[in-house]
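Please find the structures below.
In what follows, subunit A forms one complex with subunit B and a second complex with subunit C.
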Partner chain A sequence: MNIFKKKVTVATNEFNQVVVGNSLTKDAWRRLKKNKMAVIGMVVVIFYSLIAAFAGLLPIYPYDEIILDHQHLPPSLTKNAGELMRVKKMEDLYAKAWRAGRLVVTEEQDAQLKQWVKDNQNNKVWEFCYAEGEAQRAAGTFAFNSSEQRTIDRLEEKIATELQVTVKHVYWTNPETSKRYDVQKMDYKEMLELYAKMFNVSPQAVEEQTEMEIRAQLLNSIKATAPDFTDEEYAGMVEDELKKLGEKGYDSLASQNIYGKIVTQSRRVVEQELKTIVSDTDTKFPLKETFGVGNDMTAQVEASKKHERRYFLGTDYSGRDMLSRIIYGGQVSIAIGFVGTLTSVLIGIVLGAIAGYVGGKTDYFLMRFVDIMYGLPYMLLVIICMAVFGRNILNLFFALALVSWLTIARMVRGQIMSLKNQEFVEAARSMGASTGRIIFKHLVPNSLSVIIVYSTLRIPAFIMQESFLSFLGLGVQAPYASWGSLVGDAVASMTLYPWKLFFPALAMIIFLFAMNFLGDGLRDAFDPQSKNQL
Partner chain B sequence: MTKYIIRRLLGIIPTLFIIVTLSFFIVRIAPGGPFDGERALPEVVKRNIEAKYHLDEPVIQQYGRYLFDVLRGDLGPSYKYKDHDVNYFIAASLPNSIVLGLISMMLALVFGISAGVIAAVKQNTWVDYTAMALAIVGISIPLFVISPIMQYVFAMKLKWFPTSGWFTSGGGWRSVVLPAIALSFSYFADVARLTRSSMLETLRSDYIRTAKAKGMRNSTIIFKHTMKGAMLPIVSYLGPAFAGILTGSVVVEQVFRVPGLGKFFVQSSFNRDYTLIIGVVIVYSVILVIMNFIVDIVYAQLDPRITYK
Partner chain C sequence: MSDATAMKERQPLLVVKDLKQHFPIDAGLVFKKQVGAIRAVDGISFSVNAGETLGIVGESGCGKSTSIRSIAQLYKPTSGSIVFNGTELTTASEKDLLLARRDIQMIFQDPYASLDPRMTVRSIISEPLVIYNKRGLLDKPMSAIDIETRVEELMERVGLNKAFKNRYPHEFSGGQRQRIGIARALALSPKIILADEPVSALDVSIQAQILNLLTDLQKEMGLTYLFIAHDLAVIEYISTRVAVMYLGKIVELSKAEDLYMKPMHPYTRALLSAAPIPDPKVERTRQRIILSGDVPSPDKERTGCYFYDRCPNKMPWCSCHIPPMFKISEGHECACWLYDSTDHAGQSMEEAEADALASLRAKETAGSDIGAERK
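Let's turn to the complex of A and B:
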């Protein structure tokens, strides 16, 4: 029986040249490669996806690290945060001096400045006063008074000495065996003892304190999701929650709590120690070292000068780095786009295939349901769901995936209906293949090219919908970011801080462009006759 | 035809019934009630409020009451704004949204069809490429990005138009320009692409060749013969476009502070003002369903090849 084996024969034409068969995908790939825009689009999409996938390995600042001193720093390729802070302070001082009449400007300039103030364009006032003030100070016609000078000196000292210390690991060395243990991996009881020793208190007191804190923490999280109950009801809920956690869950919460405190204390000790050597010019920052923090404990820390950071794309209202927020925001957006499309396509394939193959009443009801859903403003339903069930990434994802399988279901149904009466299906059926096998082994793979093309065009739409909700404040919530929420955060203050709007918008537009070109290219490649259609 | 219209009208009923039911129950199964403020109310007060809004009844009874009220055209009281009911807010804001939506739709159609026709007639020239590049831009830039950027460039930097406001609140016609253009942008792009491809297809058909062979003027062929046939896909696109414009107006009204329905919708979804949320969704759905109905009828009228039984 060799009809099940693939017979490999080399076909030759009349000139005895080998003729190689060309599969549909191979043919499509050849056509796609000819389409320049689609190839560029593909390269861009791959680049974005790689960055999003390996965001954790990139040398960027954490996306949720809040440094209040660095609020709203403008993007700069040359200046570091300290220099920008200094400029900002000086701008402020010069503008104040102008208002007090100490920075003398010509009458025309004065009128112009007042107009800017009236138009709410304070950044122009600052810019002008800074340029003018620096020039006058260099020429000797303007000098800071003593209190201003003191402010500047204090700022400069702060810029020169302040450190950002991050504790990576805390270790405890057993004095008897001199073996080193990672504190984070210890269990709750051991951690408790270390902590008690560190602060010189009894373990019981620590235990009680921790329990109180965990209860408070649980209460807060319950209150956030279910507001407005009486205090007794809340107390009951907390008990329920504790019971649900069990001993193991409780211990892990408690050890997280204590570990956090140990880290804070270690950081404090290290900061004290570093203060003495920061002015020492021999020490190179950023440094990565291990310091003893007392009681046989050591902390491995990374310390860098806080104000030597560089923000190429500026910072936001909490001093978070825009570059890393855009990258991590892209990660969220792209992930939701890909995974959401995949989910909705899977739902659509299954339902569409069943409707198309089984037909009859199943088909009728499924398609009437799809028709009715089509008639609804379903984005509004998604908004209701987000408002009602809480705004987090998971809800967003489900709400979107549940309404976006409609078109693909219709398409797959159409494909399957046109395929199901062909000979190869009949052959399969006559050989006793089950319905499931026929659908998923024969029919679905044959309509895959349509599905792939549609999915690629679906991804940008999905990303746009996700970002649309996040823009309205109904999607991804801080500290997480998505492109939509970044744009949404920026809109209110875009006159003063335009970089907060432009960079995320640009990142997003480039990706959507690339995705659309790639989708168009794929469609043309798989179905050359559709070249001139939408 | 009359039969078809009647059947389509009957088909509207289940759609509206489903939307009312869906939104009613989504909102009811939500954790947290509408009167959950930061301040806990005394038990008696809470009970009184619930009795006033019939929230103490079983859900089925509430649902029946709500269905009955909606049938009479009463969308109930607003939970947050105690002095007004939902009908009041909708009456005040719906006209603004409708004006905005219609202007945007007109802009999208007029400019989209013109661009598409020109691009098709001058296929593979720089006109075609420019129009299609513009269309790709329109499709790729989301509404919530184009709106603030237009506001920034044309209102704040160039000062051609006011940054926000509306003509009913003394903004003048200029205040309508930016929101309308922003909202119409992506639909302009879709309409242009659709028109172009459909024009190209029709231009290749036999009856156009016949017309050319008969020596007709080019303009007559394009405007009288080709466009008539090529408009059919545009008409069927109008349905989804209306849905998109309805949803999109939420963003535009937010950015340009237009006192429309969309702004209320976002506000009420933050406030958990349940009756207002459901009310707005019902109004939007009714508009959408009516628009789809009109589109279907127009389509049937335009295309003699379609027969409805």
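Let's turn to the complex of A and C:
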């Protein structure tokens, strides 16, 4: 009964009901939903995009935190970093023992091991020596000598006690008003005094020291961008740079410098304090506490046992977590894919629509310009752009967008030319519609399906190009990552540390596959003549 | 009806004088050079009175649609004048043109191509209102709700269910789509509607519905139509006056019944004789006038009668003299030398050519005199 009533409120007779139209887009959406691969592709793309967008909220290690003890740890679901380090050390020791002849193996095995060494397959040597050594040690036929045992003991102690301390904030409490201030937000002079008090030196000395350091920093950055000058010229350039900075810029640089030192000092103090309590079983790690660091100053720190970390996808050459590097790398790659495509599509639509609709000389010159751009080697142009304007993400993305609007401009022009003589455009003109209205209300929406399909297929191409450039070392620079740069970094040590190559490549492959399936699905969905119609 | 309104009704709403629409033929890669022109419309003159329907007939490619598009200023006419309601459209400023266009609306031939497939019926019908509202050229500005009610009103007026306003054109049949096109043309309450073969893409029963709708609307709103068709029966049904076009020229212009009863021009006769008659007995005895040859290409300038190549009654005179419109009776004009007061039938080719040359010379000297005076 209830259902019946509801129906009645919607429509009392056939004349006062409002029928919702079945637009072409809606139709396409319905057809897309029937295409399983496209839907899977879409889900994957959405999943990737969400992960990339909310990477900052995920419980992963910072992608740029370098822990040198954790270099090249293999991926593992069960063992934490400490255990892996221990295994690695043992492998090393057993292999050394085999070389020294202390780990006795059969002649056949010996020959095999030598062959592996010859073939540069050290991984297999280590693995075999570790397995053999553990077995022999358990059987009592092999024992570590005292120096080896010492090394292992030291490592184990290190694993048990070493802490990763991060200083989140440093506060200064005014002893008179007992009000707390965040040191990072103070201005340069106040910071200077605090620092001087901390180390018991005169503020003037600190100021001089800071100035020297800033000069050195500027000199280094200038030397990096413009090599081959004499020392006097460099000195002049530093002065220029200082002038350019002005008082404000200098102060901000200087306070960054001093704040860094304050943080380092605070961490040292906290680390000392924590060392005494780390062996207490009562203290639970990771901890998040506030410690006094002297001179009315307190530091809010997070501390965790460094070697209890787990790296599910292993680590790279400076001990950074591959999982978070892949996620943050995906962020860069996907962003470049989407934003780059969007920019090139926008440029392409506007120029293509103008060329197609206005026609005549405008069309002629625009299209000849496109032809010339086509004639230039595409990648070379991007590489030159990157080399001239400097290597950073923004330039990379501009360089890619700059040369990739050509195809879409041509395509839109073709579409618009075939549409502009249709009667509905003439109808709009006879109604006094302006050129802009005709282009953007009638012509572009009608060619949108082609544009959407093209852009979805364009995104993977963009990601590939970005990866290629990063692979060549022209794209994203460390500590930032992108899938391409991760693969590029891993290629050199591919045989020793295959996981460094495998996981970023896998992540990229899945995304590109998904994107291509989605693009194909969209093309079929938007094409009314396609076979999988409703 | 008072005399004043009668006078006003007789006053022509649209006067077209010597309208020419030539499309240039260009050659060359970068620097285009005009090497010729397609003379789609080559000097037509007529006037349309308020409240009447002027039908234009002619075979395909004779320039019917082009002339209507030039009148609507979709093409820039090559020469000639179009005066609508006192405004000269060919030289009007953009604002004047827009104001004049508010009263000139078009209905298109193909109901499938003339509606934007990405727009709902509501936005299609309201588009002229929205454009003119935005430009501030409506008599009084309309709010969104005003426009919405106007759209519903129009939909009901042309016989569409207003519940369908959110639908898209592809969800309608051809006849319904043409109704949408008519509703769009009516949105700004125009004075004249230029209908470019509005029924030729529809089947016969739907044609009748649309024609009846158009006549009803004309009676109700006092609309004027300039109506193109190549179906003679349709033209006979809807027109008060008929213009017959051939190769970019009007060859005969008369009241509808006159034309069908007493066709004067040889081409009109041939055209009318080609139409089947829905009566088997008459149809069996129908005499067809079969024209020889094809319609010549409109790409060269002509010195004689445009119909000369195919005319069954041609005389040597016709080959080198363009016929003016001869008045046959009240409201009946025909461009054929047969109806000249002097009889040209006896003249030989030599005589005709000599006469043409002499008149050309006379024109040239007159031209150079004017040139000399100017100097």
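Some points to look at:
Simple rule for what comes next: the second predicted complex is superposed on the first by the 492 of 534 C-alpha atoms of A that agree within 3 Å, B and C clash if a C-alpha of one lies under 4 Å from a C-alpha of the other, contacts with A are read in each partner's own complex, and residues count from 1 in each chain.
Criterion: a residue touches a chain if its C-beta (ideal position, glycine included) is under 8 Å from a C-beta of that chain, and two chains touch if they have at least 3 such contacts.
Keep in mind that what you see is a predicted model, and the values were worked out from it rather than measured.
Shared-chain residue A:L474: touches subunit B; no touch with subunit C. Contacts of A:G488 after superposition: subunit B is touched, whereas subunit C is not reached. In the overlay built on the shared chain, the residue A:L32 is in contact with neither subunit B nor subunit C. Between subunit B and subunit C, it is B that contacts the larger number of residues in subunit A. Look at A:Q422: by the touch rule set out above, it reaches subunit C but stays clear of subunit B. In the superposition on chain A, A:P377 makes contact with subunit B only, while subunit C stays out of contact range.
Judged by the touch definition given at the top, the superposed model places A:S430 against subunit C, while subunit B stays out of reach.
In the superposed model, A:V388 lies in contact with subunit B only, and not with subunit C. Residue overlap on subunit A between the subunit B contacts of one complex and the subunit C contacts of the other is empty. Subunit B makes touch with subunit A in their complex at residues 14-15, 18-19, 22-23, 26-27, 30-33, 35-38, 40-41, 43, 136, 139-145, 148-149, 151-152, 156, 190, 193-194, 196-197, 200-201, 233, 243, 246-247, 250-251, 254-255, 265-266, 269-270, 272, 277, 280-281, 284-285, 288-289, 292. Only residues 14-24, 364, 422-424, 426-433, 437, 442, 445-446, 448 of subunit A touch subunit C when the two sit together in their complex. Against subunit B, the residues of subunit A that register as touching in their complex are 225-230, 372, 375-377, 379-381, 383-389, 460, 464, 467-468, 471-474, 484, 487-488, 490-491, 494-495, 498, 501, 505, 508-509, 512-513, 515-517, 532-534. Listed in rising order, the residues of subunit C touching subunit A in the complex are 30, 69, 72, 74, 98, 101-102, 104-106, 108-110, 113-118, 120-121, 127-128, 131-132, 135, 161-168, 170-171, 181, 184.
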